[in-house]
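Read the structure below first, then the notes.
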Amino acid sequence: MNPPAEAPRIGVFVCDCGFNILGVVDVPAVVKFAAALPGVVHAEEYKYMCSDPGQDLIKKAVQEHGLNRVVVASCSPTLHERTFRRVVSEAGINPFLFNMVNIREGVSWVTEDKVQATEKAESLIDAGVRRVTLQEPLEARSEPVNPNVLVIGGGIAGMHASLSLANANRGAKVHLVERQPSIGGNMARFDKTFPTLDCASCILTPKMTEVKIHPNIRLHSYSEVVSVDGYVGNFDVTIEHKPRYINEDLCIGCLKCIEACVFKDARFPNEFDLGLAKRKPIYIPFPQAVPTKVLIDPHDCLYLRLGTCKKTCIDACEKDAIDLEQKPDRVSLKVGTIVVATGFKPFDARRKPQYGYGVLPNVYTALEMERFLSPTGPTEGVPLLQDGRKPETVGIIHCVGSRDKNTNEYCSKVCCMYSLKLAHLIKERTGAEVYNFYIDMRTPGKGYEEFYERLLSEGLKVIRGRVAEVTKAALTRAEKDHLIIRAEDTLAGFVRRIPVDMVVLAVGLEPQSDTQELRRMLNLSCGHEGFLQELHPKLAPVSTATDGIFIAGACQGPKDIPETVAQAGAAASEALSLIHRGVVEIQPYTAVVNEELCSGCKVCIGMCPYDAIGYDEEKRVVHVTEVKCKGCGVCAAACPTGAMDQQHFRKELVMAEIAGVI
Amino acid sequence: MQVVRTVKYEEELDAGFTNQVASEPGGDAIWNCLQCGTCSAICPVSIYMDKTPRRIIGLIRGGFRDEVLGSLSIWICTSCYACTVECPQQIRITDIMYIAKRMAMKESQYQRFVVPAVEEAFVKMVRKNGRLTESRMGIKVVRKSGLRSGVAMFPIAWRLMRKHRMSLLHVERMQDPASLRAVLDALEPRHAPTAPAAAPSRAAGA
Amino acid sequence: MAEKPKVALYWCASCGGCEEAVVDLAEAILDVVAAVDIVFWPVALDFKVSDVEALPDKAIAVSFINGAVRLSEQKEMVELLRRKSQLVVAFGSCSHLGGIPGLANLWDKASIFDWSYSKAPSMEPGATTRPMTKIQVPEGELELPEFWDTVKSLNQVIDVDYYLPGCPPTPKLIANAVQAILTGKLPPKGAVLAGTKALCSECDLNETKPDKLLIQDIKRVTEVQLDLKKCYLAQGVLCMGPVTRSGCEALCINGGMPCTGCFGPVQESPDYGGKALSFVASIVDLEDPARAQEVLAKVADPTGIFYRYSLPTSKLGRKKMPRRK
Amino acid sequence: MTGYLYYPGCSLKGSGAPYEKSLLAVFSALGQELKEIPDWNCCGATAYLSVDQDMAVAMAARNLAIAEKLDGQDVVAPCSGCYLSLAKAKATLAEYPDVRARVTAALGKASLPYEGRVAVRHPLEVLLTDVGPEVLKKRVTRPLKNLRVAPYYGCAILRPYPGVPSPQAPHSLEDLCRVVGATPVDYPNKARCCGGMLTAGVQSVGLRLVEILLCEAKAADVDAVVTTCPLCQYNLEVYQERICKAKGKDVRLPILYFTQLLGMAFGLDDHALGMDQLLRVPLVAPCAGVKA
Amino acid sequence: MAVVMEPPKEAQEAWEPRIVAFFCNWCTYAASDLAGISRVKYAPNMRIVRVMCSGRIDPSFVLEAFRDGADGVLIGGCNPGDCHYKEGNYKTMRRAMLLSQMLQDLGIEKERFRLDWICASCARELQTTVNHMTADLKRLGPLNWKGV
């Protein structure tokens, strides 16, 4: 490592961050301490270093004191390292002759004792100054950003993001991958949406067709992303198209094959209807499915299962689109950015045996009730009991699986509102008496409280009491042959037993079951409840720790449709800003080898998962392909002679920091 | 109908009462209660209680010491732990009922009620013999809850005796009850933390 | 040259191997003897300390001192030689790095004496005699040098001009060194008179290495039939080549034995053990913790293997003994 | 011959005598040794916890300490109430260091060191896991074919320390019924409290709980209710006459222990199973005079 | 003199153990930021040195930290399988296995060197790890390598 060219003239700027730091750390004392450090020629305190005046302060100080290195002691580098590097370079200093010391998240917010906090801040600044003294000027490398975008998940979030991206992008392709045979996600299952009660398919189907016909969107339906490699601007993605046993280009959706199928009656549970309605082995998930193409379920089709069938479907198909030997095929493509919109899974009500789901008759989850209420559902929009009668009394139980430390501790945010909507629709369609059992009626959105107001005026019976159990053990004559809901009406102060005909469980929202695999494939992290983790809850809600990958919708946490669409738009705009800038800055933290010291022992080559290190036969030394190197530094730590080192994290820098913190 | 003042001024309440309960084993999560009512709903005997379990927890958090220790609820609780298992905030409500019972026992605040008396008799007998004899216990219960109930108990006792499932003569005793007493006496009676300068306690709530 | 340059050789905590090495120069020793005037060489010639003390300061052109410094007497001798010599060369691993005796830093005087004078099987049980620094005997007062808790390398006691690494240094290296000293063509002070890169750079077997040097298992030399034409490390045998300074022309490896690291670290990474441990643990390519633990356990004594020659000059230098109550 | 340490509890020496008899008979028929804990003491049940926490824990812990001193085999507590007291003591000692300090010190004085090594188990779980349904089925000589049974767990075996699997939807008694050929009926209140000590303390409430359970069993038209706890058996059995008189409903039903049910299927002799000590015997039992 | 002098009594009380923590940027450093955002307080004895991957930590850094006066060294990395660079943390795991053995050979107690997998959302786990380690070190007393 070559010694620093000119003598270090370091400026240290300690931020109060309002009271966030000042409240715990004695900033003036820290400034005095910093001023006395070797190499420091200027030290000062300011209320908000990240603000414009704060940034100007640095520029002015660089001029006035001829600073050639800068240390800012404030918040976490993940927040403002880029901001201050830009300020420092605008002041004429190489942006990598700058070091940020975290005395907010690292000190003031996590320490009670003021004296110890100040002492900790001082020792971190001491380390920061020693480090910046030895830092070398570097240039950030820029990489072109491939304009194509991959969107994972074809629900409302994925569709909206794809459309926003496709409309803005001249010529660039949006690859929308949807695991189910049709896009539409969970929203396609709904009848109406709160609070405006406009019909889900009326606002969803136009978007679905728009996605189908949009020239810039390539829809990969009934497909899954299998692998993602590379980095921001240059992702290599492999997608597997699961076999529909139908040639998608030929099938026009005339559905004649379904009538011709050897199975005369539909006997297999239809996943889209959550098994409530039946379908044939060859089917279309729901009428407005996009793409409007059939598919064959290999577990149900006689030929695919047992290999013997008259294959009447093939004869019926004028387009000869049926191909029973179809195999899964994989396609690889390059994209610059990725939007993850994989949505949620409803809480499995079987995990709450006290409510008798799957045991007692006429106990349904909210999603099943949505299908009952939907005109394309099993009962064409009118919820019926198992014996075909209309229910006279219905109980809707809130917080099933949510706000319960035994299952999910978080509140799923949308169940109160959709329960009110279900109550309205059930009353409208069956005239039944509806009871809603809630802990807190949460109506936070625009027009939400007014919707609750409307339900109350419609005579909805609301009981503030979390239901303990649903049982069919009747104690009075009136309770016979009813489901008895047992709850304490906490406002009235009495424990009540309310006999009803039907129970609807307002199940909460959970992460998809394969979130862990998705997370590993994309190098993302998850929160404790299992939802994908955003970079920062307030400042970067749709970005992730991995540059170039954005998340939108329920995969990031329970939310309603307005918020989901808003996030989808945000994710699209974040991707667009990268695409339009056309290049992306890669941190110059790559490995660098000192050829006078490299003995060609090849230990480092095996360390690199990106094959960024090669062996030069003549010179008998190794060399680093900077473009491939991601800057992890594993090879530098393994190098037996210290010949290999990592820029900006050189041995000397780390050793200096160690000396500083002790 | 007698008009009774139901509002409580803060100084009438015992601010330290909640932490007293929270400091006992099992009482630690009491601050997390959502007042959702699951405990009252699942409790098999909440409909017989003067204050439902939810209300008891609410009262403890409010510092209503006399209302809680003077309530019937804590004595009717059969400790079947249904509330503890169902509580979404994982508060051990059954343990809190026990804590309240112990406080009530220590400060003999409880109203003249059969259950505490029976339990005190149980403890005395077990301390003496190291084990319980059902027949002797039955007699004590009858003595405590009045002769009338004794009349109803007599046929049952008689039929059990004929079936050799109960006897007035045999006393179930350990070989060496003293070894049990050695253990118990080594534990100096840890009476539940008595209330600091207990607020002047009015007549127990309605 | 009017007067032949005076040369001194001395040995401290040494096995005598370095002295042997000088003799190994074979005929070449004759030229050396002819060119220089050896004024002090206790193992071979009968000079007395007083002879050295009699010399004026800086009279000796070069002193070759081998062996680690472990007794007070050795400290006095090397300080004397320093005063008397223009150049001092640390000769061999012991004086250069602390060497094999340096491993005694895993114990201290008390525990070493406790073992050697009481617990060792050769001692009768209950023996309690201990060496004393002064003892009165009828004949008068006898003295012994003080035995230190910690073994030191030469440069931890006196200022050293050059280092001749190796256990022992190879005859070729010694000859070059003497030649360089005589002709005055010497590298800057403090240099190690050997290669600057690691041993792999001059080892013929390096070509046979696969590009990705990754091993699934560790085997001891006795457990495997080594293919002498292929890099031993790639066959799972621990060879310290990658982390050891070159200059010995892969003497051991040509003799069918893996390098044990006697030439010590290269200039850039002074702590040999830390770097050796890092590269060995890194190339054992196992991700399952249980399997990795099982294979790494075959590095029976990591401190002994990785700090075989350089414990005294390592970052930590010695073991911190537990406080005896 | 795997063995267990046996903690009978006071009830099994009194009104629960048939439970002890049938338990010992069944276990010895299966070659499982049950060594009674020497000089065990009362587990403190629910009463002691209302008086003094440390003493309640120490009462139960003393028995566990004796078990540890022997050879630390699993302790089998047939009475669900005792099972709960022992398990609760073990859990409290594990979770609360200050209680552990005081109680272990006290036990130490009686030279009974306690480390919490011993496991507390219920015989129903031991039979279904350690012995296993196949072994039990092989031993069944007299399947109780047309016997309709209401499986009743009560609360202490399930909550808060589950003695049998899936405490919120238990199925161990149903499994046992299928092993012996009986048909278990769907009994929604199978995990609802039987009133415990309330039937003695506050009779109006206690009897109501018993009445609910008996009416439901009657409605399910069963031949017997099978229980796992002497207190539940006592409550469900002895108050039937009073409820019939007071409520004018016929709630008369035989209340068995699951060990008696198993014993009958093994063809063991009725006296050995204490069948004759029940106030009401199912028709299928030989001693009821009617051949199966 | 190998027998370590006992630091004077009152220095014992005022003494606070110093932990040097090497945290990987993507997981454990993110957890320390999250701890800050959620105001999860923990012992101030730990000083964080940020590296891009736990695989960057050379055992020589750990030896350097102990020699310079650290009482404990904590390495924080992503859970195996979660490494932002695919496999960096596996090397850390293996190096830590050998290093902890070597440190114990050199008389450094086991509790003074820890490797913990702390994910980006595990602020609570970070808190317990730091507090437990500080308590262990207070029990063990100062390492004070300069005095060896």
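As written, the chain order gives the labels A, B, C, D and E, with residue 1 at the start of each chain.
Heads up, the rule we're going with is that contacts are C-beta pairs under 8 Å (C-beta built on N, C-alpha and C of every residue); 3 or more make two chains touch, one makes a residue touch a chain.
What you are looking at is a predicted structure, and each value in this text was computed from that prediction instead of being measured.
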Original post:
Any chains in contact with both chain A and chain D?
Top reply: B
Original post:
Which number of steps is the smallest that gets you from chain B over to chain C via touching chains?
Top reply: 2
Original post:
Between chain D and chain E, which partner chains are common?
Top reply: A
Subject >> Distance-to-centre winner among chains (Cα means, whole assembly as reference) >> reply: E
Subject >> By count of C-beta pairs in contact, the leading pair of chains >> reply: B-D
Subject >> Most distant chain from chain B, judged by the mean position of its C-alpha atoms >> reply: C
Original post:
Counting only C-alpha atoms to place each centre, which chain is farthest from chain D?
Top reply: C
**OP:** List the centre-to-centre spacing of chain A and chain E in whole Å, with centres computed as mean CA coordinates.
**Re:** 32
Original post:
How many angstrom lie between the CA centroids of chain A and chain C, rounded to a whole number?
Top reply: 59
Subject >> Length of the line joining the C-alpha centres of chain C and chain D, rounded to whole Å >> reply: 76
Original post:
Which residues belonging to chain E are in contact with no fewer than two other chains?
Top reply: 58-60, 64, 87, 91, 95
Original post:
Out of chain C, which residues touch more than one other chain, so two or more?
Top reply: 269, 275, 278, 282
Subject >> Sites on chain B at which at least two other chains make contact >> reply: none
**OP:** Report the complete set of touching chain pairs.
**Re:** A-B, A-C, A-D, A-E, B-D, C-E
Original post:
Which of the residues in chain C end up touching chain E in this complex?
Top reply: 106, 108-110, 149-150, 269, 271, 273-275, 277-278, 280-282, 284, 286-287, 289, 292-293, 296, 299, 301-303, 306, 314-324
**OP:** Show which residues of chain A lie in contact with chain E when the two form their complex.
**Re:** 76-78, 102, 104-107, 109-113, 116-117, 119-120, 123-124, 127, 519-520, 523, 525-528, 533, 537, 545-546, 589, 607, 609-610, 630-634, 636-638, 646, 649, 651, 654-655, 657-659, 661-662
Original post:
Hey, which residues of chain A end up touching chain C in the complex?
Top reply: 594, 596-603, 605-607, 615, 620, 634, 637-643
**OP:** Within their complex, state which residues of chain E touch chain C.
**Re:** 1-4, 6, 58-60, 62-64, 66-67, 80, 87, 90-91, 93-95, 97-99, 101-102, 105-108, 143, 145, 148
Original post:
Contact residues on chain E for chain A in the complex?
Top reply: 16, 18, 20, 26-27, 29-30, 32-33, 35-37, 39-42, 44, 47-53, 55-61, 64-65, 68-70, 81-82, 84-88, 91, 95, 119-122
